[in-house]
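Take a look at these structures.
After this come two complexes, each holding subunit A, first together with subunit B and then together with subunit C.
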Partner chain A sequence: MASAASSASAIARSRSQAMRARLTAYGFLAPAGFLVLVFFFIPMLLILFLSITNLATTNFTTDVWRMATSRDPKYIVGLDNFERMFADEFAPKILFNTLFYVLATLLLFNVGLGLVIALLTAHVDRRAGFLFRALWILPRITSPAVYILMWKRIVAASPFGILNQFNELLGRPEANYFQGEAWVFIVMLNGFIGASFGMIIFTSAIESIPKDLMNASLVDGSTIMQRVRYVILPLLRWPLLFVTTYQTLSLLTSFEYILLFNSGGPASQTEVWSLAAYNRALNTYFANAQWGYGSAFAVVLVIIGVVMATVYMRVFRFNELVAEPKIEVL
Partner chain B sequence: MKIVLENLTKKFGTVVGVDDISLTIEDGEFVAFLGPSGCGKTTTLLMIAGIYRPTAGIIRFDDRVINQVPPRDRNIGMVFQSYALYPHMTVFGNIAYPLKLKKVPKEEQAERVREVAAKMGIANLLDRRPAQLSGGQQQRVALGRALVKQPDVLLFDEPLSNLDARLRLSMRGEIRHLQKELGITAVYVTHDQVEAMTMADRIAVMNLGKLQAFDTPDDLYDRPKTLFIAGFVGNPPMNFLEVEVQREGDTFYAVNSALRVPVPAERGEAAARHGGQVIMGIRPEDITISETGTVRGEVFVVEPLGRDDLLDVHLDAANRLSVLADPAVHLRAGDTVTLALDTRKVQFFDPQTELSLLWR
Partner chain C sequence: MRIHRLLPLLLIVALVMALVPVASAQETVSMRIRCKAVPPVEEWRCNNFAQVESQVEAALGINLELELIQDNLDWGPYKQEFQLAAEAGEAVDIILSGHEDIGTWAQAGFIIPLDDLIPNYPEFADVVPSLWESMKAPDGKIYGIPQDAEARPLYFSKPLLRDLGWSDEEIEALPEKIKAGEFTFADMLDVAQEAVELGVVEEGNGYWHRPRNGPDFLYFYFGMGGQILDEAGNLVFDKQAALDVYKLFEDARARGIMAGKHLGIEWADWHTAVSSAENVLFWTGGTWNWGDWAVNYVADRGGEDYLFENIGVALVPALKTGKPITLTHPLAYMVSASSKHPDVAMALLAAITTPEANNRHAIESAHLGILNAQLESEDYKNARFLSLTHPMLEYTTFIPNHPNWGAWSEAYWTGIQSVESGEMSAEAALDVVVNRLQNEIPGIVIR
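Moving on, here comes the complex of A and B:
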C-alpha cells in the first residue's frame, strides 16, 4: 500500500518537474516568439486586411476598428484591388522584371560569384583569403544609402560620373547609364553585396571538408580543377541548395538598392514587384499613398514566398536537416 | 621504386616540422616511420606524397628528383587513417576514381576495379556508399583505391588506428602480405611500435622532427643507439637506472645505492671506460622474481596484463624497476620481493649526450 502511494507521488512529482521544464523552455523562446509575432506575423495579417480596403491618403482614417467592422463600401472593397492589379498595364512588365532580377542576380552573383570567390580564396594563402573575404563583405555593412551614392557617382553624367570621365578620355560619346544599362548596374550593385552571403557559407563548407579527403584526391591523381569538379562541388550540394533557396526569397523582397539607385526608372523600367508594392503604398508623386492597393501587391509577394518556402522545405527535407536537441533536460 | 631523402627539412613558419632527415628506402622495402605524435613522421610522408613541398633537401624516386612533381605524376597510392573515402561516390566510384582521372577506358576501369575488389574481399559491396560500410570494410576500400592504379609507392598514414584491436591484428598481416606479394615499396607511418616492429623491414624512429635511428626491428630492440630509442621501443618500456660501473678483477659490477650486479665484461668495459655515472637500461623481461635474487625491493603497484602482472617495484627512493611476474604468485602492493637481473642484454648510455656507450 505504502509503496503504491509513494510511487504515485513520485509520478506526480516527475510530472510537475516535466511541466516546469517545459515552462522554462517556453520562457526562453518567449522573447524571440514575441518579436516574430509583432514584427512578422501581425504585419502579415494587417497586410491581408489592408488589401481588401481602399485605404489611401484621400480617405484617411485612424479608426481602423470602426473601418474594419463597418463593412462600409467606402472602405471595404473586397477583391477590387486585385482586379485592378491584374488589369494594370505595367503588372506583366513588373512581374517579368522581378523574375529577371531575381534569376540574374541569383545565378550570376549570389550563387555564382559567391562560389567562385569561396573556391578561389580557399586555394590561396589562408590569411590572404581571409583578408579578401573581409574586404568583400564591407559593402554589406555599409549603409545602403552611402553604397548607392558611390554607384551613382560612378555612372553619373559628366562632369561628375567616373565612367563618363573615362569615356571622355577615350574620346567616346557620353553615355546615359541610367537608360540602356540600368539593369546591368542594378544586378551588379545588388550582386556584389549578395555574393558575400554565399561566399561565407561556401567558404565554411569548403573548409569543413576533411583535409584527408582533399589530399586523397590529389594523390589519386586529380588536378586542382578536377578536385573542384569531382570532390568539392558534389560535397557542396546542401550549401548550394540552401543559398539558392534562401537568396531567392530574400531577393524577391529586396528593393532598397533599386529604389535608391533609380526608383525603378521611368515607365517601370527596372521596377520589381516589392518595389511596386512600396511605390503604390507609400511613394507617389501626388502624395496619394494607396495603402490598400499597395497591400494587394504585397499579398501576392507573401503568397509567392510562402509557396516557394514550402516547396524548398520539402526539397530540402528540412525535418531531416534539423538536429535533435542536444540538451533534453533543463 | 627506391626512395631517397637527402637532408629533408620542412618548416611551417618558424616551427621546424622535419629537421634534416636523410635515408634511403630500397625498392620493395617496407619501412615504418615510428614516433610520438608531432614528431614529423606524417609531414615526411606528405612530402613524399607531394602534398607538402620540402623547405630544403631533396626527395628522389630512383634517380629522379621529384621535389617539384605534383602528386598526380608520382604514381603513388595512399591510405589514410580516416580512410578519406569520397562520401558521394559508391565503392565502385571510389576505387575507379584514380583510373577515371587517368582516362583509362570504361571497360578496363570496371575490370580492374572488380579485380582489386575481389582481392580485397569487397566484391559484393561495389554499389554501396562509404557511410553504409563498417570501419574494416572502408579500410579495404581505401586500400583497394590505393592499389588499383598499380602504384610504384604505397603510403600509409596510421591506417589501422581507427580499427578495433582484433581487426587491426588481421589487417596488419594482410597489408604486409599484399605488400610483399606485389613487391611495392611501402612507407608506413605509425605511433604504434608493435605495428612497426611486426610489419616493417626497417624502422625510422623519429622524435622532435629528427631521425633518431633507421634500423631493422631487431637492431632497434637489441642495439638501441640512443636513450630515446631504448625507452620508446619495447613494451613495457625499458628500465633505466643511474649506476657506476666498477671493475673488480675480471668482473664488472654495476653499482648504485640499491644494487650491485655483475654485467658482461665487454659491455661493462665500455661503461667503465666512460667512467662516473652512466645510465643502465634493462628490459622488464630480463628481470625475474627469484629466491636467489640479489636485489631487494617493495612492490608498489600491480597491473594485471592477463598473461603477466606488471609490477612497479621500488628498490629505494631513487631506484625503481618495472618487472613482469607470474599472476599465479599473487603478489600485492606492499610485498617485499627479491629480483634476479639477467644482465646479458643490459644497455649503457651517456647521461649527458644520451647516446649509447655500446653501439654507434
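Moving on, here comes the complex of A and C:
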C-alpha cells in the first residue's frame, strides 16, 4: 500500500517535472513565437485577405472590418486578382526573372563566392584573413541607398560614370548599363553583399573543424584540394543548407537594390516578383496604388517560399541534421 | 499654519496668471505645406507662402506657424509619401502636385472640394479660365488651385545643326517652319539620321526624350490621332495611334537615331548631356528645364546666354495629324482632407495667387503664367524665354484627370521602352500593352 502510494507520488512528481520542463521550453520559445506571429502570420493573413479585395487608392477605406464583412463587390472580388495576374503577358517574364535572379545570385555569390572567400581567408595568415573579411562586410553595413548611389556613379552616363570613362579612354562607345547589362550589375551588387553572409558562416564552420581531422588528412598526404573536397565540404553540409535556404528565401523577397538601381526597367526586363508586388501595391508614377492586386502578387511569393523551404528541408534531410547525436559528446 | 491656508489661494492666483496671457493671445494655427521643387529655381513654390505669412496673420487675426517642406524628390515617392500620410489621416495641409492626381485623390477622399471656398477670394477670379478645367475631378468639382503651367517643347542644338551645314538663317527659321507644319517629326528624324551617319552625333544621339515615364509621351499618341477619353468619360486606347507611336520609335532605333541610350539614366546625367548642346541633336523636355539648365548645368558657361546662343526651342513637330503639338501639365495646390484649417489654407493660397508672387516663380523657373494680370505685366512680357514659349499654349494638350490614368500611362510607357530597348517589335509591344490595359483598367475602351 505504502509502496503503491509512493510510486503514485513519484509518478505525479515526474509528471509535474515533465510539465515544468515543457513550460520552460515554451517559455523560452515564447518571444520568438510572438515575433513570428506578429511579423509573419498576421501579415500573411492580412495579405491573403487583401488579395481577394480590389482595395486601391480610388476606393480607399480604413474600415477593414466593414470591408471584410460586407461582401460588397466594390471590395471583395474573390480570385479576380489572381486571374488578372496570370493573364498578364508579363507574368511569365517576371517569374523567369525572379528564378534567374535568385539562382544566379545564390550560386555565384551568396554560396559560391561566400565559400571561396571563406576557404581562402581561412588558409592565409589569420590576421590578414580577418582584415579581408572585415573589408568585405563594409557594403553590408552601408545603407542600401548609399551603396546603390555608389554603383550608380560607377555605371552612370558620361562624363560621370567610371566605367564609361574607361570606355572613352579605350575608344569604345558609351554604354547604358541600366539597360543592356542591367542583369550583370543587379546580380553583382546583390551578390557582393550576399556573399558576406555565407562568408561569415562558412569561416566559423571551417575554423571549428577539429584539428585532428586536418592533421590526419595532412599525415595521409592530402593536397589542399583534396582536403577541401573530402574533409571540409562534407563537414559544411549544415552551414551550406542553412545559407542556401536562408538566402533563397531572402533573395525571393528582396527587391530594394533593384528598385533603387533601375526600378526593374526597362519595360520589366529586370523586374522580379517581389518588386512587381511593390510596384502594383505602392509605387505608381500617377498615384493610383492597387493594394489588392499587389497583395495577390505577394501571396504567390509566400506560396513559393513555403514550397521551396519544405523541399530544401527534405533534400538536405533537416531532421537528421538536428537529431540528437548518437554518441555522447564530452 | 497661515501659509498652509494661503497655499491653495496662491496656487489659484498663479494658475490664473499663467493662463491670462494665453487667453488674450491670438489663436495659433500651424500649417504644413509640401512642395516639390528643383533648387533653387522652383523654390518660390513653397517660399512664396513665407512671403505672405504676416499678411495672412494680420488679415485673419491669427498666429501662423508655417512648416514648409520642400525638396526635389522624384514624383513617384513624393506622391507615395502623401498617399500613405493621407491614409493615416496625417497628411500635410497643402500639397502641390500634378493636376492629374485630382482624379484619384478626390475619389479616395484625400483632398477636399474647393468650389464653396473659391468665391470668397477675389484673387482666384484672375486665374486663366481654361486652367480651372484641369482642376476638376470627374465629379465636376474643383479640387485644386493652379500653381503654374508650362509647355513641353522640342529643343535643338544650334552648333550641331551648323556642323551639318545649316546656315544661321535656316536654324533661326526652324521654329517657324515647325509651327507652320512645314518641318514635321519625320523631317526631324531624317535630319537626325543624317547627323548620325555623318558622325556629327554618336549613334543613338539623334533624338532623346525624357529618360523616365511622364506626361510627355501622350503628345505622340495625340499627334498620331489618338483619343484618350470618350464622350462618356471612359479611358480610350486607340490601337492604331499607339502602334504608330511604337513604330516611330522602332524605326528611329533601326535607323540609329535612337538607341535607348538615355532610357532609365539619372535625370542629372540626362540634363548634363543635353544642356551642353554638344551631344544630342534634338530632344524634347519642358520649359522649366531651361531655368534648371541655366542655373544648375551651364552657369559656368554663361547661364541663360549660353542657352540662347546654343539651343533652339520650338513646338513638337507635326506627326500624323499634320499639326505641331505640345502638352501642358499644370501643377495644383490641393487642400488635404487631414487639414483642420482649410479656411486658413485657402487664405494663404489666395495671398500667393498674385502676379507678383507668381512672376517670381514663373520667370525664375521658366514656367508659364497662370493669371491674366500676370501675362500682361511688364516683368512677364520682358522675360525672353517665356515670350518664346507662352504662345505654344495655342497648340497644347492635357493629360486626363481620370483615376486610372496611372495604369494607362504605365502600360503605354512599357510599350515605348520595350520597342526602344529593342526587346520587342512594335506589334508585339502593342499586344502586351493591350493585354495589360484590359487586365488593369475595367471598362477601358480599346479600339
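Quick note on the criterion: the second predicted complex is superposed on the first by the 279 of 330 C-alpha atoms of A that agree within 3 Å, B and C clash if a C-alpha of one lies under 4 Å from a C-alpha of the other, contacts with A are read in each partner's own complex, and residues count from 1 in each chain.
The criterion applied here is as follows: contacts are C-beta pairs under 8 Å (C-beta built on N, C-alpha and C of every residue); 3 or more make two chains touch, one makes a residue touch a chain.
Predicted model, so just to flag it, every value in this text is computed and none were measured.
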Clash or fit, subunit B versus subunit C on superposed subunit A: fit
First, second, both or neither for A:D88, with subunit B first and subunit C second: second
Subunit B versus subunit C as contact partner of A:N288, first or second or both or neither: second
Touched partner set for A:S204, first subunit B, second subunit C, both or neither: neither
Partner chain in contact with A:F160 - subunit B first, subunit C second, else both or neither: second
Contact breadth on subunit A, by residue count: subunit C or subunit B: C
Touching partner for A:F178 - first (subunit B), second (subunit C), both, neither: second
Which of subunit B and subunit C A:T62 touches, first, second, both or neither: second
Minimum C-alpha separation between subunit B and subunit C after superposing on chain A, in Å: 50
Where subunit A meets both subunit C and subunit B, residue numbers: none
Touching residues on subunit A, where the partner in the complex is subunit B: 210, 212-213, 215-223, 226, 230-231, 234-235, 237
Interface residues, subunit A side, partner subunit C - complex: 57-60, 62, 84, 87-90, 152, 156-161, 173-174, 176, 178-179, 262-263, 265-269, 282-290, 293
List of subunit C residues in touch with subunit A within their complex: 75-77, 79-80, 83, 87, 97-98, 100-101, 104-105, 107-110, 202-203, 212-214, 260-266, 269-270, 272-273, 403-407, 409-410, 414-415, 417-418, 420-421, 423-424, 431-432, 435-436, 439-440
Contacting residues of subunit B [partner subunit A, same complex]: 46, 49-51, 70-72, 76-78, 80-84, 86-88, 97-98, 101-102, 145, 149, 155, 157
